[in-house]
Structure formats: C-alpha cells, structure tokens
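Questions regarding the structure given below will be posed in turn.
Letters A, B, C and D mark the chains in the order given here, with residues in each chain numbered from 1 onward.
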Amino acid sequence: MVDMRVRIGSIELKNPVMPGSGTMGEGLAHVMDLNRIGAIVTKTITPDKREGCPPPRMVEYRDGSLMAIGIPCKGPDYYIDEILPHYREYGTPVVCSVSAPSVEAFGNLAAKLSVPGVSVIEANISCPNLEEDGRAFGMDAEASARVIRRLKEMTDRPVWAKLTPNITDIAAVAQAVEAAGADAITCANAMLGMAVDVESFQPALGNITGGMTGPCMRPVILRMAWQVARAVKIPIIGSGGMASANDALEYLMVGCSAVQIGTVNFIHPTAMLDVIEGIEAFCRRKGIARVSELTGAMRSRKEYREQQAA
Amino acid sequence: MVDMRVRIGSIELKNPVMPGSGTMGEGLAHVMDLNRIGAIVTKTITPDKREGCPPPRMVEYRDGSLMAIGIPCKGPDYYIDEILPHYREYGTPVVCSVSAPSVEAFGNLAAKLSVPGVSVIEANISCPNLEEDGRAFGMDAEASARVIRRLKEMTDRPVWAKLTPNITDIAAVAQAVEAAGADAITCANAMLGMAVDVESFQPALGNITGGMTGPCMRPVILRMAWQVARAVKIPIIGSGGMASANDALEYLMVGCSAVQIGTVNFIHPTAMLDVIEGIEAFCRRKGIARVSELTGAMRSRKEYREQQAA
Amino acid sequence: MDSRTQLTSSPFPVAETVCPVLKNDWVNDLYKHLIVEAPHGAAHSEPGQFFHLLCPTIGDKAPFYRRPMSIYRIDKAQGRLEFLYKIVGTGTATLAQLEAGETLNILGPLGRRFDFAKRARHIVQVARGVGLATLAPVAEAAGKLGIRTTAVLSARTPRHLMSVEYLRSMNAEVITVTDSEGTSDVAAVERIVRRLIEKEGGDFLVTCGSNRLLQLVQRLGREYGIAGEVALEQHMGCGNGMCFACVREFHAPEGGITYRRVCWEGPVFDIQEAVSW
Amino acid sequence: MDSRTQLTSSPFPVAETVCPVLKNDWVNDLYKHLIVEAPHGAAHSEPGQFFHLLCPTIGDKAPFYRRPMSIYRIDKAQGRLEFLYKIVGTGTATLAQLEAGETLNILGPLGRRFDFAKRARHIVQVARGVGLATLAPVAEAAGKLGIRTTAVLSARTPRHLMSVEYLRSMNAEVITVTDSEGTSDVAAVERIVRRLIEKEGGDFLVTCGSNRLLQLVQRLGREYGIAGEVALEQHMGCGNGMCFACVREFHAPEGGITYRRVCWEGPVFDIQEAVSW
C-alpha cells in the first residue's frame, strides 16, 4: 500500500491530484466520484457579475488549445448559495479560487467566501484575460505580495497564490508571496497567446488574446515549477499540461507536493483518476512507500551516474 | 505576379522567408537552392570556442521539441574562413547572428564579423542556454539597449535585435532596443523549458533546461510579435512555431515584415519553399499585389463585421 | 490510455465508453451514418442530447477536442446509438475513416433534451441539414407518448433528404421541400407551417439547422402564441459544462443579452430566447 | 503538405521523397524488412549512409522528428532501398504499420559513408543487433572493388541472425556466434578476429551495434596497428548537420574530448576516435 496523502501547509489531501480552477464543474460529478480526488478547485469567483469574453472563445491545436473565456461569474452570493452546495456533500476539501480588481476587493471577497465548506482560498493573481494585454497582479512581485498579505489578514483559511507564467522571473514572485505569508504556491496559470484567422484577417478569438494550455505547455511550466521549488520552502502545486501520471511525476520530482490537471479533463473527464492510479502504480513499482517522497526527488545527472556506478 | 520583396530597414529581401539562426547549416544547400530564400541566417557565433551542452540534447513532444544545444562554436575566425564561404556564392544576404558574455565583447565580435558577405548582424541577446537559469541580456530592457547601442557603434551593418520570450513585458524591451538604434527586431527566441526522465529520476537534458520550439509555441510567440508591433515602428521579423504559409501569414498580419522558420526545417528541409509559395498563392487568391501589404493587415473583429455589412 | 480503451460501462449517467463500430456508411455524397454498440449510452439517452466523440488522429489530422454529435437514433432494445454526420473538417474527416470492427471513444449522453412531453399534442418539426439528425429522435419519443409529429424537412436536393423513411416508420408525417425543386424558400415553408398550426392543431414548434428557418419559427411562434424549442450549435471544448467555451448570446428573461453554454443549458433552448445569427 | 506528398525526385543529392512501400515484413520477432521504391535515393546512396524516415502519426503515437535508419541494401538497378529495423518505440511502431502500397516520406541519403576503398584488402566486420543492417552494404560494395569481406555476426539466438544469406550471396564469408549457443562472448569473438587478422590478412575492421565489440575491435586495432571504422548512433533532430542534437563524445586528434555530430561528421567514424560508452 502506497501512502498517497500529501500535506499542503495545514491541510492534508488524500492524494496529490486535483483539477485546475476553471477546468471542472458540476458536470464532472455526473462522470466520476469527486470523493476520489485530492481536492475540488472551483472556478475563479469575482466580486462583480460578469459575462466573460465574447465568442469565439477557443482555438484548437495539435497538442493544446487557446481559450479566451474570461471569468464569467454570478458573484459570491451565487457561489455560496448555488455552487458550493454541490460540492459540500463530498469528503474532499474545496479550494475556492478568487480574483478581484484591487487588493481591497481581493480581501473582502476572500472574507466573504470563507464560509463552511471552503477549505482553502486560491488567489488567482494570474488570470491573463482580465487586464489589458493580459497584465495582471501576478506580473509584479510587489503587487502579488500585497494581495497575499491582505488575504492573510482577511481570512483564516490557508491561502494559495496562483502565479502567472507570463513573467521574466517567476522565482522572484514566488519569494515575494512566500514572504507575504502564502501557505502554498500554485504554478502556474495559462500562458498568454493569440491566433489569427487569416482568411478573414481577424483575430480568431473574440478577446484577441487567450490562455494557451494543454500538454504542449508542460515543458515551459515545469521549468517554472522547478525554479520556484528552488526559491521557496512552502509547498508547490504544479499546474500545466499534465495528461498522464508520468507528466504528474515530472512535477512532483522537480519539487511539487501536488498537481492540478486542467485541459485534459475536457477530453477525458476521468483523467485525474488515471493520474492517481498511475502515480500509485509507479510508487509500488519503485518501492516508494509515501507519495510525498517523490517531491523534489529529481537528482542531477551526475549524481545519478555516480550512484549507479557505486 | 505578386511582388514578394520586403524591406527591412536599409536592406531589401527578395521574399520575407528565412531560417532562424541555428536551424540551418551547409546541409541545407544539399537539399535546396539557397538563392530562393529571403536571407541566410547563420548559427550564433561567440567570441570564444565552445563545445555546447552535454548530451542528451533533445526531447521530442507531439508538436514541438525541447533542445539544449548551447552554442557550439569554433570562434569568429573559423566563421569567416570556413562557414561564410559556403554562403557567399548565393545572391542571398547573409545575416550573422552573434552573442557574447559582455557588452564590450558583443561590440568587438560584431566589428570583427562585419566582413564582406555579411549583410546584417543579428544580436542574439536571448539565447536561453548561456546564463544560469536561462537568464540573458534580453531579460532586461536596459541591458538589451546597451548591447544594441554598442553594436551600432561598432558596425555599419544593420543590427537586428533578437528578443527573448522569457519575459514579462516584451514590448518594453522592444521599445528599449528601438531607442538604442536597432534596425529591426526578431521576435523571438525559444522559450525555456525542461523535462524529467521519471524512470531514472534525472533531468532529461544534459543541460537540465532547454529551448522549447516548434508549432506548439506559435500562439504564445505570435502574441508577443503582436505586442511588439504595437509598441515600435521598426520592422519585425517573426520567429516561432511556423510550419506552413498560413502560420507565416498570422505573423505578417499581426505586424511582422518577415518571418524566420526554425524547427520545421529539421523535419522538412524544404519547408521554407512551401511557405514562400503558399504566401504567394494566398496573395494571388486575395488579389494582394505586394506581400508587404500583409504586414499588420489584421483588423479587429468589429471593424471586420462593419465592413462586411457595408 | 490503456485503462481507457477498455471502458465499456460506468455507474455514472454520463460516461466515457469505448464502443465497437457496427456501421459507418455513406448515405449521400455529404453525410455518413454511424452505428455504435453502446449499451450504457443507449440506456441513458434522450432526444436532443448529444455525444462528444473522440475522433481519431490520423497523420496531419489531429482533432484535439472531441466533436459533438446529436443522437440520431437511440436503439434501447439493442443497446445501440446512431449518428448522422456531415464531413466538414478535421474531426469528421477522421471519423469518416472508421470502419466496422474498429472502436470509437464516446462521452455522453450530454446536454438538455427536448421538453415536449407535457406541452405538446402535435409537434411541428422544421429541419434542414444537420438538423435532420438532431430532430429525428423526437418523432419516435413523441409517438410513444401519443404525440403527433409532422416533420418539414428541407434540403438542397431530394438526394440530400435523410431520415424520411425512418420518420414515416415512426408514424410521423413528412413534408419535404428542396432548393432544387424550388419548394424550400422561407415563404413556402411559412405557408406549410401556418397550415399545420391553423388546420392541423400544430401546437409545439421545434427546429434545428437553419438560421432563416429559426427566424421564421420564432416569428410564427410569437404570432400564434405557441411554445417551441430550437437545438443550437457552437464549437465545444468539454461538452460537459466545465470550460465555458461553447457560449452563445441569448435574450435573458429579465431583458438584455446573456451568454449561455450550448452544452449545458442547451443544446435545446426555448425558441424565443435564442438569438438568431 | 500537398506539394510534399508528390515529391518523387530532386536535382539535389539529398532529397525528401515520397516513396511507395513495396514490402514491410517481419524477419523475426523483433525486426522488419522494409523495401521502398526510391530511384533518387538508390542512385545517390553509399554504404554506411542513412535515411531519415518520417514515421507516420497514428493515434497517440506521434513521432515529431524523423527516425534515422541505415541503408541495409542499395538496389541501384531497380531503384530500390531496403531497411532492416527493430521495433523499439513510437516511431518504429508506426513504421511497422505501413503496408505495401502505402507511401513513406524519406530524407536522404545522409551522413558519411564507410571509407575502405583505398585502405582495405580484407575487411573484417564485427556486427551485432542493428549493426547487421548497417554493415550489410559494405560487403556488396567491397566485393565490387575486389575487396574480400568476412562478417562476424553476433546475435541473441540463431533466429535473430539476419542477412547471412544476403552476405553469402555477395561472396562474403560469414561466421555466426550467438548467446544461446554460448559462442558470442567477447573472448570467443576475439579469438575469431585475431585469427582473421593473423591468418587471413584481415586489414580493416568495421563494427556496429555493440559497445563491448567496439572496445574489442579498438583494442585489437591498436594492438595490430590496423585501421578501422565504426558506425555510431545518437538521437537525431534534423539528420542533416543543422541542429547539433546528435553529438557524441570523441577523442580529439589533438587530445582531449570533443563533440561531433553523428549525422554529419558520421555516422561512420574512425574507430580509435570513438569513445565507447
């Protein structure tokens, strides 16, 4: 038996696999048992009501997709009254993702959403569609830290900071949010991309730019997770391009304690279960007793050679 | 007849299609006629001799690859004596890519390489393998500008600044190099990524991190080209993930004057010819007389609708 | 993937199952008729719902997401599902290459069904193109509830009319109109639908597949005060309400325009709330 | 891609051509034998060179880059190329699915050929595994120059020995050793090669496919002062000298270690410069 539990600060998850915010919904409960995943992460909530981006909202590629959804949202009250009840019945912690246009509003929203049934607040400081050209809090270490500090003042729930990958030095932002009190870091949100419909000379997306996600982004986001892992001591939740257990193992080995599966849920809604089973099978095969031992288990090539020779 | 010529500052190219630095070599001349492409761009030259990164040097994905080559280089003399002669015989301008560890060395190298047969100096301020964690000049607008200013002092050749995409605000770097006198901007180099061989718990690349290139990166780099195009007035050469004429048209329409084809040359060495022919065919079909009219031809969706309705 | 290729059933209403292909033949120069063995799907499906099909990757043709297809026929007795699809692009092109004996990974049933059971005595269907597939199961289900169906089927040419025999075998009346015979213009269809409402007791309108016909049916619905539903299409990611890629504009009941997900709030919508395009 | 699928020839020595597959059959449980119609390739190829094959994408198996394969046989008369390949992963798995009548996109010929013409009177080949494919055309080419060839072929079992008949038909002498018969250990092969050098005038050593055999041949080459070549492998991007992905370590003539491209400076290298692994 492999011990699949992982600890993210003060909370314990039954296994390290959860969905990325905005990539699950009630529909998932029609396909699988939400008791089996490590956490339920809900779509980002904003203080105001929003319709989201104008269609077309997606472009498909060979190994990923560009989505410009925005954050359609019916506000925090609707979340508490209509969305949360769907998930409260499961024995799985709910991570509530929040986003707001100001530090103040971030804090108020988190306070409002710290209701029974919400175990963690994930701060989406990285959503690329909200600000002009995709600029967001997460693109500035100091602004990111301010959001996290405010959230820590306004809620007693653990706060996860979800970083943007559209940045030069992700390790610097990671250190800033760690210093501001973040309990964990989610690395990372979608990379900003765009597409042109050349036949019509128009942007292919209603919003012009969108978030590029899916397997093809894994190498880039994995590198960022590794950079973050070397820069901070708090737990890291990897998020980017995972489609299989192998992909998730890469994230764990570079230093993540848990992983979020996103785009692939859209294609194989039970993909998270395959990832959980695959990680467990890997541990069994390698004689690893606790999945948490995989965190940061990557060795340098040289070390490895020496060890093999020994 | 479509006029395929494009002007990049003071030089004119017979068509807008050229290889990315490091993605062509003498081998290409065994497969196709180098007179047919817009420019010959040679692999980055450094002042010193280098062997490059330890193998393994590549990981393959479904729609792109991660390469950690480094810059194997036999120095500028070898370039002038052994490499350049292969290309001088063609009626195609040679763009010589250079990189160096200091502003001073950048300038000296460019001066040394401003020999007959070299038409343009491309400053690779973006190569992700040279510095720790892939940090490079190109990650800092001021450092980038210093390199370009020095190059402009040291050579009378047009200077193209090849930017790194591993950055928060690529438009800011573009503006800095424009102000420093760059004649054009190449947007952009490879995104930094990594991979883990989970079976052996080792990094899959000898260098740990490498450059992610190929079709899957196109949406992200295209977005950057669009951001750069809105920020500067000098010509832009797009570089990232193009495999077909359609892909190149996307770059032209967001504001590029020319394009560089990279990774796909490795799979289809005559891909550039297909791209040239495809662009020409598109222009013919749309009744466009000069390929240069495509630069920045993207209209906003709204504009387009209004125009259709009219 | 290995575990996935063995999926055959699930305790959940919506399931990803790998189904043997029984038939995948041309019905005319544009459409193919696909039959898969899908006991789980057949047991749970209702008219108007759809499946999200994982079209295979072959060479350059690599459909990343699934492709939505209405259920053309639900054969609960034999545990089969049928689809009628037009080859238009990447995914349908690779779908068309599947041969009997191979398998197809399907996800469903998904979406909201047509809701006529308590509201209709005589359903008038107005369908064109792909709409012929989407509306077909309505007649069978209506028949079982003693609800009469008249289907007005529109197509380019008589050859492109589909499901006429099937609908008749379900005791639906079928009226066909085609462009090539000059019988399919909106005015002609309007005359037919008015007659069905005024003379034949038509009291519920369903439509799919044509914007012009949607506008017609909306207008007649308003004029006669008759309820109705329309099945709409939009490009989809998940097909399961999770990604919000598939939204379209709708008239909000409280006024103004709102976005709704075709896969989740639809694909069947109140006919007056739909915004024609 | 359309233009590409019509490629058949080129005025350039190296070309991307789309070739009809004539045969792609199993030779044992591990290897397949592929024959393609490739007049351009056959006309330009030399022993030791390789082609870079665009293995098809099928479902989850999507080889991004081409796969290098030595030319097993160059049939200039009929304009054909033959390959002998082991199924080991993604690309070779999809290659194995090709059927006669389908086409394969190949790029080549690439790389440096074996260089024995002016240096050898009796070539001693020592090959194992994939090396059997790589060394096979040496015998035919040597024969045409009146150079004698003896091939020492090593394999797991007699069933895994390949090209024995072909080599004999080219007048090469063939000595086979196998693990299952207990005849293939390094000491045994050493005795054979020493005898060929000492008694039969062996004066040029070529090897491919085994690190242990490379070390042996390097040692004997040094001891007897005999020249030789080895064909090496490395993962490749372009196969054409452009990407520098395929480097391996070599002893630089001026001392120390240097990287060289297997596709460009090789795949055939001086036996003493190769670094065994």
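The definition used in the following text is that contacts are C-beta pairs under 8 Å (C-beta built on N, C-alpha and C of every residue); 3 or more make two chains touch, one makes a residue touch a chain.
All figures in this text were calculated on a predicted structure; none of them were measured in a lab.
> For chain C and chain D, which third chains touch each of them?
Under the touch definition, chain C and chain D have no mutual neighbours whatsoever.
> Report back the single chain whose CA centre is most distant from the CA centre of chain C.
Centroid comparison gives D as the farthest chain from chain C.
> For chain A and chain D, let me know how many angstrom lie between their CA-based centres, rounded off.
Here chain A and chain D have centroids separated by 48 Å.
> State, to the nearest whole Å, the distance from the C-alpha centre of chain A to the C-alpha centre of chain B.
It comes to 32 Å between the two C-alpha centres.
> Taking each chain's centre as the mean of its CA atoms, how far is chain B from chain D in angstrom?
Centres of chain B and chain D (C-alpha means) sit 36 Å apart.
> Could you list the positions in chain D whose residues touch two or more of the other chains?
Residues 1, 62 of chain D each touch two or more of the other chains.
> Going by the touch rule set out above, which residues of chain A reach two or more other chains?
Residues 61-64 of chain A touch two or more partner chains.
> Classify the chain contact graph as line, ring, star, complete or other.
ring
> Using the touch rule from the top of the page, what pairs of chains touch, sorted by label?
A-B, A-C, B-D, C-D
> Which residues of chain B touch chain A once you look at their complex with the stated criterion?
59, 61-64, 66, 133, 139, 166-169, 171, 191-196, 198, 200-203, 206, 208-209, 212, 215-217, 219-220, 222-223, 226-227, 246, 249-250, 253-254, 282, 297-301, 304
> Chain D touches which residues of chain C in the complex?
1, 56-60, 62
> Give the list of chain A residues in touch with chain C in this complex.
Result: residues 22-28, 30-32, 51-52, 55-58, 60-65, 67, 69, 72, 214, 265-270, 274, 277 of chain A touch chain C.
> Going by the contact rule set out above, which residues of chain C touch chain A in the complex?
3-4, 10, 12-16, 54, 62-66, 107, 234-235, 237-248, 258-259, 264
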